[in-house]
């Protein structure tokens, strides 16, 4: 038989499952376990990566049926350009993180058994592959929940810590409710696809052909959107995200934040553009609004965090928001069937998906490296790591630059595309949207700027300055595997930023297939140099030139200035002549984010307390000052606390039924009989 | 010849930027002295400062990392590159397609990003404070900036600067309220972005008020020179940007020498006027408290939004 | 013939065990008997599978796809339960919670209970069905009170009285059914045979059947444990010995539901409306909601899981009420996977509470580290019971929910609520029990691996790759329940 | 004996059964309850026999015999023995609010009358008018179990419910098939032994037979 992308994909699945099967035999020898399983997952991810690239490049669509599941409802699998794209993303990051994990997970040896980590990491990867390959509701949901469950166990990895348990519980609860919502939405669509006389209604193929009345279509869409949003961490369903990502092992988090959230995006795209296909503009508007809210709130939260991984988690929320913004725009344009414009917006969203996978994976791996080296979680205790971990810090810097959307790195390209989409909104026939969408652009701009601030803080406080902790903590650079992983991700960030045209030409098939429109081919001679989504006169950007230009000017300046050698004296800090500056006197992360906190404080529930205990009551001469800061998410008090209280109240009422006296228990059937008889006659 | 010429012109424009920027800065300083009735050091004083700094040795804080040493070059590089993109004399620039206005603004963001990192690198309270404040202001300023720019680009149906100049300068002349609002917003933001009074005071080293100076406190020698120079160029470029976006008349459409001559003259004229305007603002206003700045920029944002709305409503 | 062996084995087993008493080999006899009846049931199943439903013993027995799959399930779960109960009960006795007479009694009554349930499923006579049901109740009443503690006695008394009263209502319903049937079929025994009733259900007098269904619903509903007739269930499960809890929620509830569904088919057939179905949906929904909310505040582990049984019985009842091929398929599947999962959960729960000498969840900790089988068994069991794929419960809930979305979309919010709350309630409690360090008061235990693994593997297989014959079986049953 | 006469006799017996049911509802003394219960059983078996005679259903004689043995002799005897053993024969149980209970009881009778009217129209039996009484007896038994708080009383209530069921069976359908009747009888016998055991357990565990004490198992608040 000839090899097709699908054979590669199924081969990669096979490899992963054989790796899983290997675990029971290897878990006695943990080192071997780590090496074997993670290299296998790396290989399988590589295969999927190739399969994905291949599929999208040639615009292949293959579907197969695996004879598992119910006899009348076997597992349908389908590999088309959309799933191919996401397969690429997952495969790429899966490959990188698997290499990284070999080094990272070894750090646990001697402290605890890593078997469950290894096992569920691979299962999570497999689950994600299956989700994008699934082509019927049943298989999709199975893969979806396998993914959720395995990530739950990953969060539970260090299960003796209560915060892990709490986070894991919250995560799975929200994810499961979301999954039920998705299930219901599929049920609705299956019902309209072909009644419920047989099982064939559950296949996506049937759903593609369904004719569903608009009102029910809206119900189906919003059920699905709710479910996927719960997984993607969209406001206000985001609360699990920071908790889970801050406590889970970093390699797992790199996958979860980097690609698992994206499977939710995949779901939204699949349901919207492939299954339902015809929708009014306001669906897109709703998605857009949620995206904006998520983006800006996410990044504001991120700035206020003191725990590095927590900060990164919130910033993932922001990026999901940005992706949703692109998606929403694409939906709005598509609903007015402006195919070219919606193609632009969709490309922006997809490109950001890819980018975010890369740099967020990189950043989480970096955070993992830092935690691995310092055993320190809060940034306030760190600082000056750039001197001790040069590689990690350099790579982390690349990640920070990329995520702050600075040219010539990749984050910029996708945000630029999103902005272009915004600027094309005047073409929309609806005046309301004309007025509102530019405001959205402004919010996006705010988000981008805040992101830059956030990562100046993250990098500055963690890596720059001087070590704030005690001096004799041994801090060492991480090993080769981890460096390799991060290096790969970093180079991807650069590549995607400098040569976007290749990637966009490659992925142009996706909007072409699902929206019927594609981006204009890049114009001018040296087409690959200029990214011109609409037209040459409309807007253009050239990554290579920016990169080369800056390098050239810097090099020139450097050479000229060093032509006449001036010596460099090292001296103590000047700092306006202040003396005896200790590392504790550096600007802390809390202080750094204080202005933002003051400006946007009304959005949060900030509790700031300063306690002064003074020498015998003379407050003028305090001996010690305590400062405590608590920032809570208002959503807790607005949404989650009430829900919890309500359900416990109901539970108490329900408990009243069971209050012990047998006479009461005898009354219930008595009443029931009487009532039923009265009702029925 | 004709296809080489644009490249030469682009190079020329960068050279102009490099050498005109200090003059412009000097002009502003001189005007200020006149306004405040002081004697001036002359328009060329910035040159002297720069040369002096270039000749000085560098004293580097002992725990400064490579980020600290790389920053001046990064700042310089990004700003100069921006200079090659903004049409100062002519629209027909090969580099102008490199980055449209959004990319241009993020070039300036690169400079700011690395300056802030450098401020935190040496690990002093002032550096961190400066970085924090700088980034805060930037976070509020940039959206407003983009709103102002978007208004213009909506008018011109393009975000590429050359195209904008083309449309406004060489299309038929219309009075647009949207552009008026946008200009107002742009002026306010430009003050913030270039760190002028009332947002920041370039002349102060008073610990608790300095923002930009706080970050570069530890720099010396050529590093400091590069940063100062970049600062001057940034001021110049914002003036040029404002000109290109709002008063592009005179900028050459095609690269024939008379047009370029006219362009040069008009540029000098406009810059002179711009300097006067800037100085009038700086002497007229006092530096405001840091936490008043968001309100200041918020009003800028409001103007920009009004501009956009008026574009949709009135035009 | 197989039928007689099937019933005979368990009945004789009961007698033998009653005489053998608390000898060393009593548990083995118990296991052997259940195994024998399991084999017999397989044979029976094969017969049905080959040549369809048939009547035997002079119309006294009637086996079709619906009943036979429950027969197999019953004998299988009872077999695994006997395997589990061997070490469990032995330890109970060594800790002096059960005396010699208790053990004798336990073994004898266990087999009698199995016999009664099999009779329920095999008989062709509504009256005999009722008798067997009552017999099953009586057999378990004393098992519930086996520990003789005040609470155990209280629980058993409530079980006795409430189920007795309920079942009495069912008898009244049966009388009315007979009354209606003899109009058509003439007097004598034939009027109570499923085989006849199902044929002439169209001609039965609607008004009478309406009345009859009310009493049957309340009667058998009490045994199913539908809210508000459920009050006996948590007490009985929590106070009885764990093997009994396992078979109670694994099997007895199913049997009662089986009876209820049979009656529902008759009644709907005669009314020609969906009335009975709607009533069942109502009860099911109420049970789901009340049970899942009650789970939130439980402290006793077995009590919590008994509420979960109520919830799942509610789901199955709801689905049967909903009707339609997919919902019915889902409901049948749900009965199967629920009883497998729930009994295996009870096995692990039994071990866990023996390891900590308590049923209080706040005292049970660190199971995975303490005894991986028990810990992971409980964790996965709960994952499965809350409807996480790839376990079978997910499959059935998937079918049921999607069918509901089609036929009764307005019900789905309640289902969503119920399932969500149940999920949160269970996970919230189970998570800390399985995770964390081993507490000081935990002592190691030789757990019986086979039943738990066997059940979980089966549930997993059903969820991932349902064998063809099973689904054909279900389809046959669905045809019957049209 | 003609059909109509039999019907009259039967309805008189039905009235007596109903009367005893009410009696059970309000009787305070345990022995009184026991006697009333025995009487009810007697009436029941007689009416079964009468119906059997009228309808020439000879298996009804057997079931009437069963009733006689079981409900009139065995069960009361067992209960008697138990009461002796447990030394509760002097106990006088407080009955909550007799008038209200009576009113509810009467309401139940009316209710079941109106409820069974469709059946009456359908039935061709001479005994059709008595089915309302049967249902009423069942419901009254249930009501008795609800209002009384003594274990023995509850059991008696339960058994009188069974009487009602038997009565329903005979009056509505000239008796269930014999096998069913036998089976039911057997079940009741087993039940009798079981509650016998239970009385002792309860008495030892709670040193009284007051079921009010058995309220430990509940959802705590």
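Order of writing sets the labels: A, B, C and D. Residues in every chain begin at 1.
Operating definition for what follows: contacts are C-beta pairs under 8 Å (C-beta built on N, C-alpha and C of every residue); 3 or more make two chains touch, one makes a residue touch a chain.
Since the model is a prediction, treat every value here as computed from it, not as a measurement.
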### Chain of greatest Cα-centre distance to subunit B
D
### Task
Tell me which of C-D and A-D has more C-beta pairs in contact.
C-D
#### Entry: Distance from subunit D to subunit B - Cα centre to Cα centre, in angstrom
101
### Message
Can you work out the whole-Å distance between the CA centroids of subunit B and subunit C?
### Response
78
### Query
With chain centres defined as C-alpha means, what is the inter-centre distance between subunit C and subunit D in Å?
31
### Message
Can you compute the centre-to-centre distance for subunit A and subunit D, using the mean CA position of each chain? Integer Å is fine.
### Response
70
### Query
Which parts of subunit D, given as residue numbers and ranges, touch two or more other chains?
115, 142, 145, 154, 211, 214-217, 219-220
### Task
Would you pick out the residues of subunit A that each touch at least 2 other chains?
652, 654-655, 657-658, 662, 666, 669, 673, 677, 681
### Query
Of all residues in subunit C, which are in touch with two or more distinct other chains?
157-158, 161, 165, 169, 211, 234, 294, 297
### Summary
Chains touch in the following pairs A-B, A-C, A-D, C-D
### Query
In their shared complex, at which residues does subunit A touch subunit B?
383-384, 386-387, 397, 401, 404-407, 412, 416, 419-420, 422-423, 426, 431, 434-435, 438-439, 441-443, 445-446, 448-450, 452-453, 456-457, 459-461, 464-466, 524, 530, 536-542, 545-546, 549-551, 553-554, 557-558, 561, 566-576, 578, 581, 583, 585-588, 591-596, 598-599
### Message
List the residues on subunit C that touch subunit A in their complex, please.
### Response
157-158, 161-162, 165-166, 169, 210-211, 214-215, 217-218, 222, 227-229, 231-232, 234, 275, 279, 289-290, 293-294, 296-297, 324-327, 368, 383, 386-390, 394-395, 398, 401-407, 409, 412, 416, 419-421, 423-424, 427-428, 431-432, 435-437, 463-468, 471-472
### Task
Over in the complex, which subunit D residues touch subunit A? Could you list them?
111, 115, 139, 142-143, 145-147, 149, 154, 211-212, 214-221
### Query
Can you list the residues on subunit B that touch subunit A in the complex?
54-63, 65-67, 73-74, 76-78, 80-81, 84, 95, 97-100, 102-103, 106-107, 109-110, 112-113, 116-117, 120-129, 131-133, 135-136, 138-147, 150, 153-154, 157-160, 163, 205, 207, 217-218, 221-222, 226, 290-291, 294, 301, 304-305, 308-309, 312
### Query
Which of the residues in subunit C come into contact with subunit D in the complex?
125, 127-128, 130-131, 134-135, 138, 141-142, 145, 148-151, 153-158, 160-161, 164-165, 168-169, 171-172, 174-176, 178-179, 182-183, 187-189, 191-192, 205, 207-208, 211, 234-235, 238-239, 294, 297, 299
